[in-house]
Amino acid sequence: MAEPGSAALPARDTAQRFAAGSPRVLVAGATGFAGALAAYLLWRHPGFELVAVTGRSEVGGRLDELYPRYRVPLAIEELRLDRLEGVDAAVVAYPHAAAAPTVGALRERGARVVDLSADFRLGSLATYERWYGAHPRPDLLEQAVYGLPELHRQRIAGAAIVANPGCYPTASVLALAPLARGGLIADVVIDAKQGVSGAGRVYDETTHLSMAAENIVPYKVAAHRHTPEIEEQLAWVSAGGFPGDDHDGGRSLDGSSVAVQFQAHLLPLDQGELASCYVTPTRAVAAAELAERFAVAYDREPFVELVDRPPGVREVRETNFCRIFAAADEHTGKLIVFSAIDNLWKGTSSQAVQNLNVMFALPEGEGLL
Amino acid sequence: MAEPGSAALPARDTAQRFAAGSPRVLVAGATGFAGALAAYLLWRHPGFELVAVTGRSEVGGRLDELYPRYRVPLAIEELRLDRLEGVDAAVVAYPHAAAAPTVGALRERGARVVDLSADFRLGSLATYERWYGAHPRPDLLEQAVYGLPELHRQRIAGAAIVANPGCYPTASVLALAPLARGGLIADVVIDAKQGVSGAGRVYDETTHLSMAAENIVPYKVAAHRHTPEIEEQLAWVSAGGFPGDDHDGGRSLDGSSVAVQFQAHLLPLDQGELASCYVTPTRAVAAAELAERFAVAYDREPFVELVDRPPGVREVRETNFCRIFAAADEHTGKLIVFSAIDNLWKGTSSQAVQNLNVMFALPEGEGLL
Amino acid sequence: MAEPGSAALPARDTAQRFAAGSPRVLVAGATGFAGALAAYLLWRHPGFELVAVTGRSEVGGRLDELYPRYRVPLAIEELRLDRLEGVDAAVVAYPHAAAAPTVGALRERGARVVDLSADFRLGSLATYERWYGAHPRPDLLEQAVYGLPELHRQRIAGAAIVANPGCYPTASVLALAPLARGGLIADVVIDAKQGVSGAGRVYDETTHLSMAAENIVPYKVAAHRHTPEIEEQLAWVSAGGFPGDDHDGGRSLDGSSVAVQFQAHLLPLDQGELASCYVTPTRAVAAAELAERFAVAYDREPFVELVDRPPGVREVRETNFCRIFAAADEHTGKLIVFSAIDNLWKGTSSQAVQNLNVMFALPEGEGLL
Amino acid sequence: MAEPGSAALPARDTAQRFAAGSPRVLVAGATGFAGALAAYLLWRHPGFELVAVTGRSEVGGRLDELYPRYRVPLAIEELRLDRLEGVDAAVVAYPHAAAAPTVGALRERGARVVDLSADFRLGSLATYERWYGAHPRPDLLEQAVYGLPELHRQRIAGAAIVANPGCYPTASVLALAPLARGGLIADVVIDAKQGVSGAGRVYDETTHLSMAAENIVPYKVAAHRHTPEIEEQLAWVSAGGFPGDDHDGGRSLDGSSVAVQFQAHLLPLDQGELASCYVTPTRAVAAAELAERFAVAYDREPFVELVDRPPGVREVRETNFCRIFAAADEHTGKLIVFSAIDNLWKGTSSQAVQNLNVMFALPEGEGLL
């Protein structure tokens, strides 16, 4: 309680933490789960100034009313392209196809962009159009880099547009890249599971607690949009792609393509994602070699943790970490890799901040640890 | 409220429903999740008289105190083998190895037994001993029939001992049998997920809500005891086994064995199990053939439901149904089969009652619909 | 699997269970949670024929697609008032104000009605209009009886319209009636908690798992529509109302009115409701008297269970039971009563079936045990 | 992945954040939920050096194996009282009665202590012994201050022993203090609800997901140990106690004592606590006065948030905030106050860190925002 003589009581801390001169960042689409979390992470980030949060709905409301827990005390504004003076970067959290025109407009005003949609993830325009329809801004594709820092860190550092990966590809590609490298994957099944936050702030029978709790449901059988994204990245890795070489963000090297069997499931939880990967290797791989491959790939990665027992998604909840466990099954000869992330964090918004850190030469874990 | 003139008010209904002359059944091990549910189902079953519930703990307490929702108003007794006069059948819900001696003792007193443990599930004694250690009563193995009615109905009808299948094998074998028949399975990955009730009334970090909720964890990687059980049954089916032919309960026919990649995961829910099966077929299988195969196998099965979209486990919660959806993936050429059950019902206790119905020539769905 | 020689295999049991000559019942509004559950309970009820399920949306679809678990294989029809020939009774599951006109139309065609809305629950038209606006059919009020069988069984038996109680009043009035009788309540706080199914098939931020899970939220502070319903019933009981005397369904007796402090909370679960009631008594009440009062009131009630420890809502999940525990607190002199029900069952749909059983002189627990 | 030329990649950040010369802190009992969280908060705190985590079990293991998500890479040690040289402070997370002797030993070696047990919370030794049995170290009572910074900040600043409040008293006293001040509480019911983490790392039927999920259960009816703790604090406030005056930590002022009706409930969630308080005031209190009272009390408190709608516990999850909403009910004349905290954070461990901040003159929100 307010004490009579408590003039020294620190005022409530609702200020941003950024240092003077920090890059100025805007979040477009901050009313959805992904945008709101990006706003939260940037608000408390010591290296960025969050200058505005915009929404296509809820304009005039405050973000901390919509997302009380994040406590970002900013009004939700309309995105005014004529007021982008001095904005250094933007996170765009729009749906597919809606994102690209806004990304383009932001680019034209000089901002570097991390785009959370699928619009710039795929190197192949034909593949994009098969899954998403006509691309609104194919001219921008060549400016874009696939935003998985563990694969494309050097190109991300200089990118104008970073295509933030899908959450399923993040978990899947991190799980499989050490095997794709060297062409060890003859066949692969990815059985992926994710909490309902993956669907976003969508109100329907898939997210209503009375239907979603005490349930698990497979969805998009044999037809998930994330499949080609995973395949493109694995092909690039299998073709010998290394970050040091990534002159084209992993898009032109024609790796030996593996048709990935990817299946998504909806879990009765909020945030969390597990990819269980079953690989038939092109040759026998002993446990020691398996461990060595993952160690070489990830021992110095700040946000990939190799663990010695299967990870639960709670272990990475609300963190930017990806936990990976790999094992060889002597009975079947297959290799099994589990990869756990928080779909909203490393799978989306904290990875966007990791990318911003790389883009602006900040310590990669700044604001994320 | 008690009305002054309410003499006609029906007394509270806490009576069993059985018809006079019904077979008398005992549940041994009724204090665990599986035994308690079996007791509940038999208590309200019109075709069986539940004569006693026994426990290795909690003796003297009442089952409806331990499991209030089931409302079985019986005292928990010690199992007295000298008081089994007139017991026609027993459900034994003991852990592995502890079950077999009791099954033997019950057999010697004339009772037919449905055993919920793994002790009589495997045809191969060597396989049993590799996974579970020395078998306490190998002499009884030849009396036992594998209790999956959809495969072995005719032999179950006459069996002295019915080895109730494991929950994972129930979902998995039902999903795969239509493909194993005809030898269509070249390779298979079963990614199975189950609620925490599968671990039983075990109190540890895997079942504590603070660890189990908002989580999913793979367990027993490359080493699950249910794998050989699934492999044995699929081998039998692939060898041409049909219920009409099941002279040996599926144990001697030497089917073309497939090494099954089976992986279990713990879900943040109570009851429910989903097996997601990914089959590399030995030849291309078109969607129409796939549908036909499943229809032939299950159209007349009372407890298998073929559905036209992926099933959620809520759809079968607290039922004896198994819901199956099968699809062909043109992209990979694989076949995908989802199979959803309630691990405690069709996966365990209601399947035991289904077996008892078959054993005592009652309508198969009696007490289960 | 279909056996070659399995001609004897019982066809899948998708038939209703009703006996020939059973009353014919219709469920109007079967697409919501309450109507769907009523349809399920009536479908498997041996004493009623479910002749149709109607909806204001989803017409042409099937109820078992919308609610797979209930397995009611009926098409959802439009309600055609010109086709009600031979319909003996209807359950109307419409929102407030929308219900009354349909109830009227059904009455005019001769059907007896159990109405799940609030339209006929309140004896005072003025009170109704204060909370719900103009009443569409005030002329029907005098035909209606408040459908809490424990209070008004005799009048329900002969009623044309039964106003099924709200879920909160069901739990609250059952908890407090033994104290209201005799005027023991000087002051009362009801702190009630309910799962998200209470909001029905409504898709918004209160039911989205990402907001509702790991949460508890009070709602409608100092302004819940169920308050006057509870107060009316307690006033009637405190005025000496007994089922044997209930010439007016508890509406005209002017009991000593207590202003009830009622507060609702949203729980992170699907089905379940707990009313925690804190009573300041008008005089000291010893534990023995307290127990005696509840025993007298409920010992012969088929669906009220007096228990000797605080009940959890799991104990009554998917049952028509109400579990009550009462205690006296020596420290404060207050009486504490906990009352647990399933809000969709005893709180709504199974209570509707209990009422139908009473109305049609069937055993009160028929189809509910 | 490790890049060929990635020498600049920052090493994984597993270091503590403390500044040179920070006070050195030990956590005793770090293997329980409360101690582990305190260790996590101190590990990443820029103003404290966490020198050791000790346990009464799991010695030799690592804390980040037991609590992976917290990522505190320290070995769990035995508490060696002979090695406390240079330890400035300790958080003791032991059960009641076990704590006091260790607190004493730590004091004798010069460390200031925040004790999470109940051993030093009550001013009245007689009250302590009625609820907990003989006190192991009554001689230390006079060194102890009740650790609710909002009431006793000034005394905490200089305290040798801080008795960290119980989680229920934290939420309850913060909710009611603005009304107790001035003697406005004639009667009060506190209906409190808490997630299962409140029980700690205890494995039994109250925490098993199969029993705890989809449930809510009242417990300790008319007999909760936290009642006298709440009553003592409210009495002190009602006697005119102000932090500026708190010469005795709220223990000797003889406030007008109100017998508090406190009731706890177990919620089906992990972390979160809500106290719903129903106050019969000693005189009519209008809405404006109510708002003014809470504003005066808390507007400058860094961790109390007054909100204008009822708070859900998600809004404060994993924060040190307490959210409060107060309303007057015109219908009953009662005042209703809801208070939401995270039982493990503000209810336990982050409040301990808040106390340490006050004790060592750090900014009160350091390490907590």
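Chains: A, B, C and D, in written order; residue numbering restarts at 1 for each.
Just so we're on the same page, contacts are C-beta pairs under 8 Å (C-beta built on N, C-alpha and C of every residue); 3 or more make two chains touch, one makes a residue touch a chain.
The model shown is predicted, which means the values in this text are computed figures rather than measured ones.
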| item | value |
| --- | --- |
| Chain whose Cα centroid lies at the greatest distance from that of subunit A | C |
| Chain pair, A-C or C-D, that carries the greater number of C-beta contacts | C-D |
| Geometric centre distance via CA averages, subunit D-subunit C, whole Å | 41 |
| Separation of mean Cα positions, subunit C and subunit A [Å, integer] | 47 |
| Touching two or more other chains - residues of subunit C | 195, 213-214, 268-271, 311-312, 314, 317 |
| Contact set on subunit C toward subunit D in their complex | 187, 189, 191, 193, 195, 211, 213-219, 221-222, 227, 259-261, 263, 265, 267-272, 274, 276, 278, 280, 310-314, 317, 325, 327-334, 336, 338 |
| Subunit A to subunit C touching residues, read off their complex | 33, 195-197, 201, 203-205, 207-210, 212-214, 268-271 |
| Residue numbers on subunit A that touch subunit D, as the complex places them | 1-6, 9-13, 44, 68-69, 150-151, 153-154, 177-178, 181, 213-214, 242-244, 296-302, 307, 311-312, 314-319, 363-365, 369 |
